[in-house]
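Letters A, B, C and D mark the chains in the order given here, with residues in each chain numbered from 1 onward.
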């Protein structure tokens, strides 16, 4: 198993590909090329890609692109996808209006 | 690859990354060891993004003022990453006489240090930010404050440092610091022993445990804080916001989403399972606080909430210092929730401290030994 | 023409009351209680929004409220997931452009 | 704070089954589901289920859903709909959005049964309106009575892609092609055969290279791929479609488990990020269980068993069920689950290519590549002694050539003509000693629609073929049309000589056509003269 912990390892230089313009993160409109470039900038984890590019940080919170991003990183780093952690799961699981989130129903047993 | 470099930095947060970058720029070889799997996963990416001078302790204010003057404006260009630095002022809001008193005190102290900050009334506040509710009656206003994106700033420093040859190793928690012949020399991780002439401990709250291995203590406690972020909204305002009561703070990001931090008041009683999971009430409390100040945001949807640990110092001011008992060892931790805005200045000055033995800004008020009994 | 009037297995679909709503100011009809997206689909509307960065059209994608691609402005509130939001008589639905309503010229009404 | 013995998240097959078992043990149970309708995917599944009686085989998914809901109601389970779980916190606290408020609940046990989310695949134009998930198509057609489009291309030949393609045709859409990058059809051959015989072409080792259109999909280009799944230039084919449907697998929707702090693992065999669980679905957090697709992608039948198991385990955890009773009941469920886990499509055999059936017969390569059995396959599968002995009079021909867990045909035949035996993945055999009455119950009971009644002696020079038909409008007796081959090719004029509907057939109409006797073993579908099937 190849380790992704050494961030100085040589992963080759960024070479653009024909399909780099394809959107991966539909919410934030982040392309495959941008994600591949970010990996070559040293972003080796799903969390780092997310924070660097906003991929997976839009309205759907990466529900659609999560696996795509993970597979892209794995391919670019030549590791198996299982080696990479998915992004952190965070509440709320679906978008909630502030007035609703702030409106806590108090029920007494 | 040799495991010896001029400097080892423990902790790949924004402090560690910025220091690594400025050290590399001076030509030093640097290794950064990060305990977790991700770069910048701690407080660096879990804060409200404030880049402010107002409301600060006078001991750290010079760093904040110097960084805003000298580093923040050119940072995006320097790092090649948009750190979204926006200098459109900071409103610290109050609703009551008690608030007014707190704000006035902070303002007076900052003015004495030469900061352009003043108290303004409700009408003046709403002239700056028309979305604020009528309940807001006073504020301190510092027009040179602002905000930036903590995520891209932290990773921007990482990217640039990496480009300059800094070696970053993740999942490398430091078990032990070791002196050889009285000076710092080794950093022990589960997989390897790394060697350097100088070591900087910038590992947030974990710094306490690491420093203890060479008999040094920084009195600090972990304090959980929670943040939340909305969906993208149409542009509303550009100021950084805070409140006298610290019930929330935040800003609208370049992306359009609002990033707010806040508290339920129970954070100091936190119970956790080892990771900074959000509490079940934190986000709700923060939302209620925000809506009172910004009724217009009631319909804004929260897309995620997160929690993080502050390394809260006994006197709520950072420790940035060389360690006399362990030559070659340096500390930059205990930022107490104020770290992000001063991070570039800290990195720059700590790099000077390590490389040159002195720094542009006098940091002596932030020494680690300030907690020792007075003689 | 998109409605299934009779299904070989499910028979006749259950429908709510026929109500009117407005799509970018234009009156349309749908069944109360069905998702807004279904009423729009029946009326032949494919584009629910245009994206912020590239101004590209988006419509129904997951149809279960997860992907957030079908969001529109409903009664003035943006980012409403139309695939899971029930249609109510008189609703004002607007095509979303980035995070605000698409400007619709009077001639198209 | 409102408190329950058990909180179940997700009112799908696993969640409801878990809740029912737990409530029957005396537990106070709440189920939260973010949807307006309960049942999860069951109400979108209008095909008859596979398995055996204990798995509710030959019952359509939505009917199973109705039964589960009735059982949940009867056993006192509280089902909260439009109730979105925002988060799970320490001490089994669950924060739920119900209406315009957030409500805090606590439970002594929690079962997460949030199911799965669809995987996606990217290509030029995949964000255009008109490109949708297969699940979206099902939701639109089967829950809301609306067609996703008029002309559809399906990507993905797993069971979801196959089943939804058939459902699209049932809803009145035209499926122009079924495409998969894999060299073999991933789902059940019987599902593929239903689609192939109505004329839908399969393009294996093909992928979508581009969706055309500026405002919405107006067409699609596919191309053949090489072994590295790279499109081969010059192999492009274009189709005018308004809809592209993606059915490229599912991933467990396990975010809540991760958020709750369960130890997780990325297991490709289970579809992605799943919790580490013990046998009955208990995660690394005591009292917190996972059931159904969220702990590993399978199908609804096994999800229901898995749900029941975790419901019983939760009951035992809180002392509502003795350890002995739990062990006994779990052992029975284990057997039921094991029987679903046999054969060529067992979870452990994923991606494996079988050369021979369990019976030692070489599998049909044509079925795997084109979706239908070819003439050489007939030789091996149906001209065996057990099928050919019966040449005169009406007799069943069962075109079931893969070891899938299913046996309703055996129970359906009251005359004992059809034998499967104890292992439900065995291929059905025809017992020629028993005579067939032509009742047709076997046809209607076959979830794969793979049984035909053939009578070579129907009339001089003519054979009759009775086949399952689930499209509208129904053909009328005397109506003329075209007999189609297994690959959907027109063979000859066919006349409808009988149309039978019955409650026992459950919406599968039995249509008998008259064809030249030479086509007795080749004609397998009927296309009305005036319009295409299903339109």
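FYI, a contact is a pair of C-beta atoms (placed from the backbone, for glycine too) under 8 Å apart; a residue touches a chain by one contact, two chains touch by 3 or more.
Everything numeric in this text was worked out from a predicted model, so none of it was measured.
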Quick note, more Cb pairs in contact for A-C or B-C? It is A-C
Whole-angstrom distance, CA centroid of chain A to CA centroid of chain C, is 29
Chain centres from averaged Cα atoms put chain B and chain C apart, in whole Å, by 44
Per the C-alpha means, the centres of chain A and chain B lie apart by a whole-Å value of 24
Taking each chain's mean CA coordinate, chain A and chain D are separated, in whole Å, by 31
Contacts with two or more other chains occur in chain D at residues 34, 87, 95, 102, 104, 117, 127, 259
By the touch definition above, chain B meets two or more other chains at residues 231-232, 278, 284, 299, 301
Where chain A touches two or more other chains simultaneously, the residues are 26, 58-59, 63-64, 85, 88, 90-92, 94-96, 99, 101, 103-104
Contact graph of the chains (line, ring, star, complete, other): complete
The answer for chain D against chain B in the complex is residues 87, 89-90, 93, 95, 102, 104, 259, 261
Listed in rising order, the residues of chain B that touch chain C in the complex are 231-234, 256, 299, 301
Note: in the complex, chain C contacts chain A through residues 51-54, 56, 58, 61-62, 65-69, 71, 79
Interface with chain A, chain D side, in the complex: residues 1-3, 34, 84-87, 95, 97-98, 100-104, 117, 119-120, 122-124, 126-127, 251, 255-256, 258-259, 266-268, 272-273
In the complex, the residues of chain A that touch chain B are 4-8, 41-45, 47-48, 51-52, 54, 57-59, 61, 85, 88, 90-92, 95-99, 101-104
